[in-house]
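So, here's a batch of structures to check.
Here chain A shows up in two complexes: once beside chain B, once beside chain C.
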Partner chain A sequence: MRESTIMKIHYGTALAAVALVAVHILMRLTQGFAESLEYESVIANYRFVPYAIMLELILVLLSIHGFNGLRVILLEIRQGRTYEKAVSYGCFAAMIGLIAYGSRTIIMTNMGMI
Partner chain B sequence: MAQLVGIANEQASTPLSPSKSITLRISRFNPGHDESRKFMDFAVPYENWTTVLEAILEVKKHLDHSVAVRYSCRQATCGSCGMMINGRPRLACFTKISELDSDVVTVEPMNNFPIIRDLAVKFERLFETHQKIKPYIIREDTELESDEREFLQSPKEVEQYIQFANCIKCGLCNSACPTMATDSSFVGPQALAQAYRYVADSRDKGKDSRLKIIDDSHGIWRCHFAGSCSQVCPKGVDPAMGIQLLRGYLLGFKD
Partner chain C sequence: MTRDENKEGIRGMANPGRYGIERVAYWLMRLSGLGLLAYFVAHIYETSNILRGKVGWDELLEMTQTMEGHILLTIVIAMCVFHTVNGIRVMLGHGGVGVGRPARPDYPYKSASQNYRHKIGIYSAILLAAVAMMYGLAVMFGE
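On to the complex of A and B.
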């Protein structure tokens, strides 16, 4: 993939994540902040499908943005064909892993398995 | 023979007026012999108009002829005498001692360049990246037919790139760039500014090939917009702005 395409995704995910995280924080403020973090409130959020979808989107956006940022930092620290390939594929694999693990948590909680 | 001796004597006996003096600290390092850099101090007389390069040449002439320094035009045109002067990349011929406002003037080789000896550094990487971005007008009809005129440009079209044409390849921008310090494959602000210079030229048709070259994992996207390249340019070129304008092409904001 061209670097400009990757960076367009990088900037796009950042903007979208800022918007969605802002909604997420505002939702925490609709009730008392401490109260909103109580176990029942958190579980209720996960079981509310639109909110669970939003959490899933935040997870995907931040994972893409964060792991690409990590890839960029690591590419600037050291150079070399093998190292750069390892960094790129490693970051991609870690991103998929995190999204899969986070999605599993969201889906299981939404379905009442937790 | 007598005349030659006379000329030599005259050159050797023209020290600068000793009305004021500074301590010139020169970084000394020979990669072939030395393990680390060391500084040597020299007391050098100066006047208000004395440049750092003149002070270094004064040291070479009267105190230590073994100091290695690259210079040529002495008028900020050739871009040969770039060095760190009191911690900032500057042209030695374009920096007056009086404007530094310091009793000690420290000169070191430019950062982000391999050292040949003392203040002289290797420019291979800069020239390689400069050549890489194809720093010339690309078009198929470069050979004019007899009844054709030159490729005319309006003042507005010239304005798009003319400041970037002032680059003298002195390397100060690359020396100041924080990304150049860590990323040995980064194309650098000098080459990126020159890429913009040709991309923005209305006579040039090589935009796509140049954008492809800089759209690399060590290309334009590794610039963090620190802006230090523009701060240190002695010719008023603004590489940081050129890089942002180039990004406009790659992001689709400009055609």
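On to the complex of A and C.
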């Protein structure tokens, strides 16, 4: 993929994530901070389907943005065909791993598989 | 001087004193990005404890809802706000907003893009991060 396209994705995911993370944080402040972290409250959040979809979107957007950012930083430090390929594939694999692990939590909690 | 002698390597690139606030912003952007990625990965792991049931979740809260945990979260808030505001400034700059008109490079070769608009953007990002940090402290310790 062209770097210009990757940067557009990087900026797009950043803007979308800012909006969704703002909603995620505001949800913590609708109740008291400590109250919102109580088990029953967190479970209720996960079971509310629109909120669970929003969490999944945040997970995907931030994983793409975060690991692409890490890739950019690592490519700034050193260059070389093998190194660049290793960094790109490594970051992609880490991104997929994190999305899979986070999705597992969201899906299992949403479906009551606890 | 040979080319090798002139090469300062990563230390030369890292020197925040040489290129003003823009280089400081460059480093803060990267450090806050790495910090936020580390927090994000830890947060995904942390929230997966909900699968251990109420006991597991309460054990986790006991570990994170402490003075140290709140201080760490305050630093995360500051990193998040700085990264967001400075990121918007960088995006606008890449889009050509606020970088000045292109002109013939004449002595003393002042870069048009490193102007007061972007400097204000960087200082605003730092100021907003500090304000958000204070607000975060008030929410977490004000209970």
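Just so it is clear, the second predicted complex is superposed on the first by the 114 of 114 C-alpha atoms of A that agree within 3 Å, B and C clash if a C-alpha of one lies under 4 Å from a C-alpha of the other, contacts with A are read in each partner's own complex, and residues count from 1 in each chain.
One rule holds in what follows: a residue touches a chain if its C-beta (ideal position, glycine included) is under 8 Å from a C-beta of that chain, and two chains touch if they have at least 3 such contacts.
Just so it is clear, the structure is predicted and the values come from calculations on it, not from any experiment.
Enquirer: Is this a clash or a fit when chain B and chain C both end up on chain A?
Expert: Pair status: clash.
Enquirer: Per the contact definition in the header, classify A:84: touching chain B only (first), chain C only (second), both, or neither.
Expert: It touches chain B, and chain C stays clear.
Enquirer: Give one of first, second, both or neither to describe whether A:3 is in contact with chain B, with chain C, with both, or with none.
Expert: first
Enquirer: Of the partners chain B and chain C, which touch A:114 in the superposed model: first, second, both, neither?
Expert: In the superposed model, A:114 contacts chain C only, not chain B.
Enquirer: Name the chain, either chain B or chain C, that contacts more residues of chain A.
Expert: Chain A has more residues touched by C than by the other partner.
Enquirer: What is the contact status of A:75 with respect to chain B (first) and chain C (second): first, second, both, or neither?
Expert: first
Enquirer: Name the contact category of A:43: first (chain B only), second (chain C only), both, or neither.
Expert: second
Enquirer: Chain C clashes with which stretch of chain B: 115-123, 169-177 or 205-213?
Expert: The answer is stretch 115-123.
Enquirer: Would you mind listing the overlap between the chain B footprint and the chain C footprint on chain A?
Expert: 7, 77
Enquirer: Considering the complex alone, what residue numbers of chain C touch chain A?
Expert: So the residues of chain C in touch with chain A come to 10, 30, 33-34, 36-37, 40-41, 44-45, 47-48, 50-51, 53-54, 57-58, 61, 65, 80, 84, 87, 91, 94, 139-140, 143.
Enquirer: Would you tell me which residues of chain A are touching chain C in their complex?
Expert: Touch residues, chain A against chain C: 7, 11, 14-15, 18, 21, 29, 32-34, 37, 39, 42-43, 46, 59, 62-63, 66-67, 69-70, 73, 77, 98, 101-102, 104-105, 108-109, 114.
Enquirer: How about chain B: which of its residues touch chain A in the complex?
Expert: 179, 182-186, 215-219, 221-222, 250-251
Enquirer: Note which residues of chain A are touching chain B in the complex, please.
Expert: 2-4, 6-8, 72, 75-77, 79, 84
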